[in-house]
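Scroll down for the structure; my scribbles are underneath it.
Labels A, B and C are assigned to the chains in the order they are written; within every chain, residues are numbered from 1.
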Amino acid sequence: MIMQMATLDESGSLAVRQLSVYYGDKKAMGPVTMTIPGRQVTALIGPSGCGKSTFLRSLNRMNELIPECRVEGEVKLDNESIYGAGVDAVAVRRRIGMVFQKSNPFPKSIYDNVAYGLRLGGMKDRSELGGRVERAIKHAALWEEVKDRLHESALGLSGGQQQRLCIARALAVEPDVILMDEPASALDPIATAHIEELIHELAKDYTVVIVTHNMQQAARVSHNTAFFYMGDLIEFDTTQVIFTKPTQSRTEDYITGRFG
Amino acid sequence: MSRSSLRPSRWPHVGDVVLWLATGLATLLVLVILAVILIDVVKNGVPRLTLGFLTKSPSDGMTAGGIFPAIFGTVALVILMTIAALPAGVATAIYLHEYARPTAFATRIVRIAVNNLAGVPSIVFGLFGLGFFVQFVGGGMDKLFYGGDKVFGQPALIWAALTMAVLTLPVVIVATEEALSNVSPDVRLASAALGATKFQTIARVVLPQAVPGILTGAILAISRGAGEVAPILFTGAAYFLPTLPHTLHDQFMQLGYHVYVLATQSPDVDATRPLLYATVLVLLVLTFALNASAIVVRSRMRRHLSRSHG
Amino acid sequence: MNGNNIEPVRPPSDRAPRPAPGSSPSRVDTALTSSVSAEGTVTMQSKNPRRLESRRPPLAERMTELAIHVLAYSAVAAMILILIFIAKEAWPLLTSAAIHREVTLAKMWFVQQWPGYDAPEHIWQPVSEIPKYGVWPLIVGTIKVTLIAMVVAVPLAVSAAVFVSQYAGRRTREIVKPAIEFLAGIPSVVLGFFALMVMASWFQDVFGFDSRLNALVAGVALSFAVIPVVFTVCEEALGAVPRSYVEASAALGAARWQTITRVVLPAAAPGIAASIALGLGRAFGETMIVLMASGNAAILSANPAESVRTLSATIAAELAEVVFGGPHYTVLFALAVLLFVVTFGINSIGDFAIARMKRRMGVAS
């Protein structure tokens, strides 16, 4: 099913056409066709095992780290295909960043964690690095808590702080899109609230795609929602529509908790 | 926002190629070294490796005959060593893993001792064997039981075996500890829930499951025991003995020691060369067989574990 | 969970019902009887055969547990005994006047002027008309051989570990790891034999050194023994780096080699350091390889192509022919004490440095 969104913002939109992912010979997901609007939050919901995480990972070519994985179809960031012939996956990931379910800061200092992506790109000037690091941490709403201990180990932060650090780390390279795979599922309610607030703020400057198994979170946080089931995209619309007047019965069943 | 284009690049990163190549070559080099050693020994040793070689005694000044006494001596040494090392090593590992409180002073001392024991140079063990076992214990035994005759107060099979046991103690301890930690905590909990004491759980549930790991440790210890020469230089090994050792206080021939003396002190290098290579080959085959069986035991244990954990 | 025997169940007296003094005791359970004390507190006791009071474990169990606890100190006992008994034989070096006529601690460590020589020199020549016991040629020899071995072994072993843990497929790993384990199992006397018989001649053909057996030959042969030690620990450390770090790095747009050099290697640094410390200990204390391949001439020089004598080889070579209790004998045991102490020191420093490294990385050690 092809769904089009009413407003198409050219900066940071992801156009997905007939995307399928195979593990060996088994099809894990697809074909999916949808256009994720730029500068908005799009939530991917569905029961566990429905393929939403697999879909998310194919948006920044992270699936390629799995040996048996094969991707068919097309994904375009604005108008450049990320799977095109000769396109470097590494470069793709500089424009499309990712935050994981379990926060994974490096065993380095807070500063070095955030500066990691910048140094990869060759940035060496200390003042420039410092400025970008500060900006990213502020953007992730973490600055006040860590500004006095930037050179301490990142592993000393709480779970919620670590996750915001990972977000800051992803923001530092100033991507166009940020993918989040259940970013708050390992956090307590207060930390979760922080993250949700942050996501809301981020949408002003970035395209955010977030996988969540928490429907209320999707309803709170996103502009658009896509419902996945058994490897297929069932429905994609504004969050308002999905949660109040879904057109597919399976969507309605899931939303109302009849299964999941 | 940085707008670097999705750089069309067909080539893998230069860095990746360089790193892969450099590390791959290093690996290859290590394998080549092993191959060269093996090929040289096999090529020169096989011609002399006959059944007679394995069963006869050396003759004609080590230029003919076989090395059976050295094989016998090595086996005797290793058996005695294992009898001594296994109980002490397994007990230490059980203590460390099951009874000791991790932060207690006693625990830390034992751990430090085990770690450092593993690092003591092998010649120091030899001197320890000489000073403690041969002179102190052996000499003491002579005074007490033999009225001053030199029976145990000289290099002997038993002292060499005990010296080697001390040397291989860390090997047994480490392997046993690994085996103990691989026993799943669920099984221990189940045993405790059924009312077993700590000792009963260890004896009836944990230890039986740890046996393959302990076996691996024993095999590795034996492998070391068969090959180490420095500790037995002064505690019991001899170059040529007319008879096989038949008491604990006899001296003995040993494969590694034989190689050492033959290689460095042979009066006619060319004539003894075939015997020397063949002895080395026997030693290597022995080591290989032991290591291979340890690997097999360990991999079977791992497979069994992963199956039982689902 | 320490599997203690179950404690007897006795309700605390302030929880038990307190009947008025003089009233009859209550029976709560047929298996329990209660009695009232003078102050009116009630205690319950089990009479049932399946009672919950602790019973003492059988004698056999207790004896075995005792045996375990005693045997557990065998390693500690061994270390202490080793030190005591080698120090005991070396002690006369400090105390005996007879020994001092020939050698003292000072004569071993400081430059001596020997008759017939132009200038003061460090010389180790215990078997000669005028016995000389200068230790520095031995120490320098040990350092030379160890250094050469480490310089060859560490880069090779660490690189191989990186390859096997980061690049190699499963089949490659199943060939390489057992091969290196086998290399580890080769007795050092065989490596010494190989160095003496084959490597020395090869080096001679290629480089044309004056001495056929020298520090270089011994050092390279020694590296064969060190490589498996370093490789095994390194490979384990690299493999233990959590996959989440690798994923995070990849998601930030790092190429594989950047992830390896900037994230994986630093994260495995304590393990790599431990492997090097282990390898160093192995190299330092090794006896047979050096005994057979280093030429056994106590020459004090920086040239790797010259023969050397190491501390351990000296002990091994000379102890067979010394007079029991004489000065030479005592000095050799003193060298053993030196070896023991230095190895202990290297081990301890290594452990300390690694613990500190782990702490700095924020990982629980």
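Simple rule for what comes next: a residue touches a chain if its C-beta (ideal position, glycine included) is under 8 Å from a C-beta of that chain, and two chains touch if they have at least 3 such contacts.
Because the structure is predicted, anything quoted here is derived from the model rather than measured.
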{"item": "Farthest-lying chain, centroid of Cα atoms versus that of subunit B", "value": "A"}
{"item": "Per-chain CA centroid nearest to the all-protein CA mean", "value": "C"}
{"item": "Distance from the mean Cα position of subunit C to that of subunit B, given in whole angstrom", "value": "15"}
{"item": "Whole-Å gap separating subunit A and subunit B, where each centre is the average of the chain's CA atoms", "value": "53"}
{"item": "Gap in Å, rounded to a whole number, between the CA centres of subunit C and subunit A", "value": "48"}
{"item": "Subunit A: positions in contact with at least two other chains", "value": "90-92, 94, 173"}
{"item": "Subunit B residues counted as touching two or more neighbouring chains", "value": "13"}
{"item": "Where subunit C touches two or more other chains at once, by residue number", "value": "255, 258"}
{"item": "Complex interface listing, subunit C residues touching subunit B", "value": "1-6, 57, 61, 64-65, 67-69, 71-76, 78-79, 81-82, 85-86, 88-89, 155-157, 159-160, 162-164, 166-168, 176, 178-183, 185-194, 196-198, 224, 227, 231, 255-258, 260-261, 278, 281-282, 284-288, 291-292, 312, 315-316, 319-320, 332-333, 336, 339-340, 343-344, 346-348, 351"}
{"item": "List of subunit B residues in touch with subunit C within their complex", "value": "13, 15-16, 18-20, 22-27, 29-31, 33-34, 37, 40-41, 87-88, 91-92, 94-96, 99-100, 109-110, 113-117, 119-128, 130-132, 136, 166, 169-170, 173, 188-189, 192, 195-201, 203, 223, 226-230, 233-234, 256-257, 259-260, 263-264, 276, 280, 283-284, 287-288, 290-291, 295"}
{"item": "Residues of subunit A that touch subunit C when the two form their complex", "value": "60, 62, 65, 90-94, 97-98, 100, 102, 104-108, 116-117, 119-121, 152-156, 166, 169-170, 173"}
{"item": "Residue ranges of subunit C touching subunit A (in the complex, touch as defined)", "value": "242, 244-255, 258, 262-263, 266-267, 360-363"}
